[in-house]
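To keep things simple, chains are lettered A, B and C as they appear, and every chain counts its residues starting from 1.
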């Protein structure tokens, strides 16, 4: 218990220093964000440490993640390639980074099963990162001989030209498994429908909430919302990663409690029982 | 050693960017607000050369060795070279090289306006066909969730367009009655009783609504009902997913900037 | 009875190419012959809020109009931009055009050219409107505009310095504008304007976006951070209709040339095509479900 006491003392110490604001060190107006960042980081860190110390973490089964290995296996049996599409955004989007992390795990699977992996990318900087990720995955599995440099290649930067190019790849190569993992916009349905028409098993995951309905409709499995970000931790299986997911879930419980609290306070405020408008504390006005 | 430097850079820059939002130190704030993202744009811009080299390498290789589908690579290379010529070599207008890219009269502008823009519009237009075939295939009453998707999809599709306003209140009511019986159909052992109940409901309930003068209820007008679906359940679901995505982003970012997520660095 | 059942089963298992063919017919006929299908358009509350907000603007107010769409989404958003410009110019509002997409620059120039060639308003560049050039950066540009516009832009699209543009006098940051209207089809879009500029500095913001983006934007609309929203082509058609009625009422306005006839926008005529297409999709869905039930029964 003592070793976890620091996770209670330290955040309040930091918040106290922030409140004191010695030497005008901190920006004014950003308090809500700062408090949230500190609390979330310490909650996540707490559960990571608990997991590292051997606590069992239960993870509910996510069908899409379990299906990834089956999809690669299916592609191997059919002798067809695996197509991996890491989205159309650059590395400044967290979705792309998550997509590349999952690519690493899928590349390990294709190395193990000895099936072909094809990764057409939309952004050159993502191409370089994807190449390194795939190379390391194949090396980790002891199959550097199976890695080819043209496995990951650049198509074009333009959204719909990329969609057209990938559609062409799908119709010519007829991959047995298609992964859509990253940031997608309007081209998502074009890609998913074409994949469906060739009979491939499709597993999608994106943080673009407006594209989730299209993937749910056209793909066999979809990682919705935070499942996509949790997938990388799930696939790695390491206690640290799983602990961070548990921490994230506890933060979500905190958000639910806060929403209920704000809801009750807003009702009381609107009926005049309470003078304070609680929603005003969530406004951000940074003064530099 | 190379990997250690990469980890150090990730952790250092991550915490620096985070600190830039909270620490009151003008050079740091300026760096985070302006310079850092510009540095990224510059690096990404140089990476474009890598993409170009990769593209040329791949397609030239295909054409030279006459690999499978090498004929398509000729089109790619032709388009690429043509735009390079129009962008850097041939102007076609009276303007200087550089500004000619956005001036009417130049060959590049002509290509952009008459080839690139119509092609982009055509690709987006394909969505109309794909939405139709996707909904035709996917909107089936398989289970409760699929039924809910189907009902809300139909109401939204009809309600969003002017034709939804032409549908009278009694047709909407009949649709609700049919949907209700579709959901409870398996509770009826005798299908004849179900059929008689359905027909009776379809006749009597509209008469009751007419008698009680409730024909102006919002729920009986498809456009207003779809507006309610958009404003209430769809917004609630959208908010929930947004909050979930935001939390997932925070956790993922935390794992990356504390150096725990090392897959992208090759570990 | 068996023949009818088989017909429904076959209808439910149509090749997707038949669906594509019927959809193309359903869309083409109303576009080629709009007089055959003429369905009245009723306005929704979100479009009415946008109209009311812009209608409350006074002569001389400054509106920042952000163009964040391209050729692919032109059919949905361009009619909105024309209607918005017509509404703003009819009230003598100063319009500051900012393209946040490379194609947005061209879309803005098409929209302004269309307004000028209609001869409905006697507008002059640098007096009534100014077009800023495209700068790469997306949300950085928005942040720059919010804090110091002159750190991002020093001249307009025609390389005229701000010091030589009368309507740029006193315009330094977002708080110097009275309203921001964002026309977006992706990133950066209305969410970025809320997060980096308008919500922080308290500037009213409204938006017109594609139908797909509306579900993402609706939480901001419900919380009041975006004042109303024009949702895709239906939103564009509703707004066009409101502006058309408004312009026809304002016959004595000093900003409108009375000798010029007011033509309704293109979104209104395209709504018939969308209506028929949606109806056809619903029919296909119904046939698909009937076939699904019949097949399930047959297999049981």
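The rule is simple: contacts are C-beta pairs under 8 Å (C-beta built on N, C-alpha and C of every residue); 3 or more make two chains touch, one makes a residue touch a chain.
Just so you know, these numbers come straight off a predicted model, no measurement behind them.
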Counting only C-alpha atoms to place each centre, which chain is farthest from chain C?
-> A
More contacting C-beta pairs: B-C or A-B?
-> A-B
Any idea which chain sits dead centre by C-alpha averages?
-> B
Report, in whole Å, the distance between the mean C-alpha point of chain A and the mean C-alpha point of chain C.
-> 31
Quick one: report the Å distance separating chain B from chain C, using the average Cα coordinate of each chain.
-> 17
Flagged in chain C as touching 2+ other chains are 16, 72-73, 215-216
Of all the residues in chain B, which ones touch at least 2 other chains?
-> 37, 120, 123-124, 131, 133, 135, 137, 238, 242
When you check chain A against every other chain, which residues touch at least two of them?
-> 160, 186, 209
Chain A partner, complex, touching residues on chain C are 16, 72-73, 185-187, 199-200, 210, 212-213, 215-216
Within their complex, state which residues of chain A touch chain B.
-> 18, 24-28, 30, 33-34, 37, 40-41, 44, 48, 90-92, 94, 97-98, 100-101, 104-105, 123-125, 127-129, 132-133, 135-136, 150, 153-158, 160-161, 163-164, 168, 172, 186-187, 189-190, 192-193, 196, 207, 209, 212, 214, 217-218, 224-230, 232-233, 236, 240-241, 244-245, 247-248, 251-252, 255, 288
Footprint of chain A on chain B - complex, ascending | 18, 21-24, 26, 29, 37, 40, 43-44, 47-52, 54-55, 58, 61, 68-69, 72, 119-120, 123-124, 126-127, 130-131, 133-135, 137-138, 238, 241-245, 247-256, 260-261, 263-264, 266-267
Enumerate the contact residues on chain C facing chain B in the complex.
-> 14, 16, 19-20, 23-24, 27, 39-42, 44-45, 70-75, 103, 105-106, 136-137, 140, 143-144, 211, 214-216, 218-219, 222, 231-232, 234, 237, 271-272, 274-282, 284-285, 288-289, 292-293
Residue ranges of chain A in contact with chain C within the complex = 159-160, 185-186, 197, 209-211, 283-286
